[in-house]
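Some notes on the structure that comes next.
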Amino acid sequence: MSPLARAVEALLFLSPEPLDVDTLGELTETDGLELQAAIAEVRRHHGEGSGLEVAEVADGLALRTRASVAAVCDRLRERPREDVLSPAALETLAIVAYLGPISRPEIGKLRGVAPDAVVASLVERGLLDEAGRDGSSGAVLYETTVQMQQRFGLRSLEELPPIEGFELTGDEAEAIRRRLLDAGHLDGQAAPDA
Amino acid sequence: MAPPPPPRHAVSGATRVPDPLRQPIDLDLFEGPLDLLLTLVLREEVDLLELPVSGLVDGALGQREEARWDPATAAELVLLLAAVAELKGRIMLGEPGDEEPDQDALDARERLAARLIAYAPFARAAEWLGERAEKGRAHRYRRVPLDDAQAPPPEPGDPDDLHAALQMMVSREAPSLAHMARRKASLPEALRRLRDALGRGPEVSFDEHIGDAGASEEAVALMAALELSRAGEARLDQPRPLGDILIRGTRR
Amino acid sequence: MSPLARAVEALLFLSPEPLDVDTLGELTETDGLELQAAIAEVRRHHGEGSGLEVAEVADGLALRTRASVAAVCDRLRERPREDVLSPAALETLAIVAYLGPISRPEIGKLRGVAPDAVVASLVERGLLDEAGRDGSSGAVLYETTVQMQQRFGLRSLEELPPIEGFELTGDEAEAIRRRLLDAGHLDGQAAPDA
């Protein structure tokens, strides 16, 4: 394959979305016949005999798996994935479920760990969603989603088991928050700066 | 759910500006306000060699990005802490020209040396990793979540299949409907059959008469028997409850 | 390509994480020589002339772009600025790679510096991940990620050279000790970078 075709192949491989010819041209700094020839080359490389193909979809060109390998791909999709929630993810979900809507800095304070990556992954997985902004700090607030409730078999958040010694009404959530902070939870270290 | 409380670290307006020197410091060695700790250090009542400077910095400046102090206050604190660190460094290493470092200072240096020696392998491993990073640098991995991947097209259909399907329908013989003859249970027919049976013998067993006919035929046969009885053509006798019914003709 | 090779290619393309040979075998319901031959076929298909390659990384196989197309890839997916790892980040990664799962206090004890900011940034960059909590202290434990291995081109953590090999020789250790003990007495000698 020509260097240009290799570049096109790599771009189609990496891009999560179809790339239109113009974008491919911009990225590779080429256009016209040269680019068309490179695309054709990638197409040939991923011809009938291959597991992948270059497809023209609505928004451009995409590398995708061929129909003939659909069955094995489905098996990969159905495989119990590493969708198991990590302890970090579970703790974060619990905090948001019991104390949300709540901002990332606050989650961080309660967990004693920067929660950005965990929150991002929970949002990506559809278990958390943004819920406006905090009035005073302007930080994005998060809440759990319907999907989260489905996943845990909850008809509503009220079905969450009560935290021992607390009743889950407005002010009590605040009391739990305090308790977690005062306990230097959950990090086994000195209490975060409350 | 209650709205989240305002951030508690915020300097709470003009009402009460916290004093950075009065803030509580919580270390294994000491617990109390920062200014008291510094006083004790200067009076040599707290051994600076035992005082973890990193813990002191964490305690005084906090670890998170949400600044607890305005920049000017933070800068003063940083200066103060730097002075403490420098002081500790001098005690540990001695002033140039010092003749005899005291035993504490020697012990502290010994501990520092031990730590540096223990840590050295990891610093070297980090160097190795740094060089190694070149190896992975130039490669990119696809990070498209499985569910977001372009779905493959559905298994392509073959036009020949369409042709074959229609061809089969066209060439198929008209199906025989013989087996679907409607079974009608008619009362006149049942009456006729029962009269025929009574013509062949003095009595007819109802069970034998209906044989394995279906439920509707059985019901109509019973109606026919009752009809003959009503018309005086037959007498019905059922010796046992739910048992067979004997039908006897009266026209003999 | 054989149907099996096509399936392997599609799986390596789709999977967001490297797949080990056993998993490939499970998914394709094959194993042994047949599977090895199919993998070799995919490898050949993505040979030198292609924009992609099959790599052994993080205990599995992955399809990735070749080094030669790195520049154009970065135009598609801008590499974050802070992508350069600081010495502190590298040292922390080394500690976690060798000793993980390990807690922040333990890392701090080794490094002599509070590692919170470094650890948080490594987590955010996907190079470290949380791995439960320490049974006794309750502190969050950290381990290196698949991405970390990908980044350093490690086939597995076992590829790390044995740590003993990095230990100081008796002479080197003695030199450090001497330098510290003599520190106060030698006029004009720079203090060691402790």
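Going in written order, the chains are labelled A, B and C, and every chain counts its residues from 1.
FYI, contacts are C-beta pairs under 8 Å (C-beta built on N, C-alpha and C of every residue); 3 or more make two chains touch, one makes a residue touch a chain.
Everything numeric in this text was worked out from a predicted model, so none of it was measured.
Engineer: By C-alpha centroids, what is the most central chain here?
Structural biologist: Smallest offset from the overall C-alpha mean is found for A.
Engineer: So, comparing C-alpha centroids, which chain is the farthest one from subunit B?
Structural biologist: For subunit B, the chain whose C-alpha mean is farthest off is C.
Engineer: Counting in whole Å, what is the centre-to-centre distance of subunit A and subunit B, each centre being its mean C-alpha position?
Structural biologist: 14
Engineer: Round to the nearest whole Å and give the separation of the Cα centres of subunit B and subunit C.
Structural biologist: Centre-to-centre distance between subunit B and subunit C: 28 Å.
Engineer: Suppose each chain is reduced to the average of its Cα coordinates; what separation in Å results between subunit A and subunit C?
Structural biologist: Once rounded, the distance between the two centres reads 22 Å.
Engineer: Counting only residues that touch at least two other chains, what does the list for subunit C look like?
Structural biologist: Residues 13-15, 63, 65-66, 68, 73, 77.
Engineer: Indicate the residues of subunit B shared as contacts by at least two other chains.
Structural biologist: Touching at least two other chains: 58, 63, 140, 142-146, 149.
Engineer: Which bits of subunit C are touching subunit A when the two form their complex?
Structural biologist: Contacts found on subunit C: 1, 3, 5-11, 13-15, 17, 27-28, 42, 45, 49-52, 63, 65-66, 68-69, 72-73, 75-77, 103-105, 120, 123-124, 126, 129-134, 137-140.
Engineer: Considering the complex alone, what residue numbers of subunit A touch subunit B?
Structural biologist: So the residues of subunit A in touch with subunit B come to 10, 13-14, 16, 18, 55, 57, 62-70, 73, 76-77, 81, 99-103, 105-106, 108-109, 124, 134-137, 141, 143, 157, 170-171, 173-174, 177, 190, 192-194.
Engineer: In their complex, what parts of subunit C are in touch with subunit B?
Structural biologist: On the subunit C side, the touching residues are 13-16, 53, 55, 62-68, 70, 73, 77, 85, 87, 90-91, 93-95, 97-98, 108, 110-114, 116-117, 147, 150-154, 160-161, 163-164, 166-168, 172-173, 176-177, 180-181, 183-188, 191-192, 194.
Engineer: Which residues of subunit B touch subunit C in their complex?
Structural biologist: 54-55, 57-58, 63, 89, 92-99, 101, 105-106, 109-110, 112-113, 115-130, 132-133, 135-146, 149
Engineer: Please give the residue numbers of subunit B that touch subunit A in the complex, ascending.
Structural biologist: Touching subunit A: residues 1-10, 26, 58-59, 62-64, 66, 68, 140, 142-156 of subunit B.
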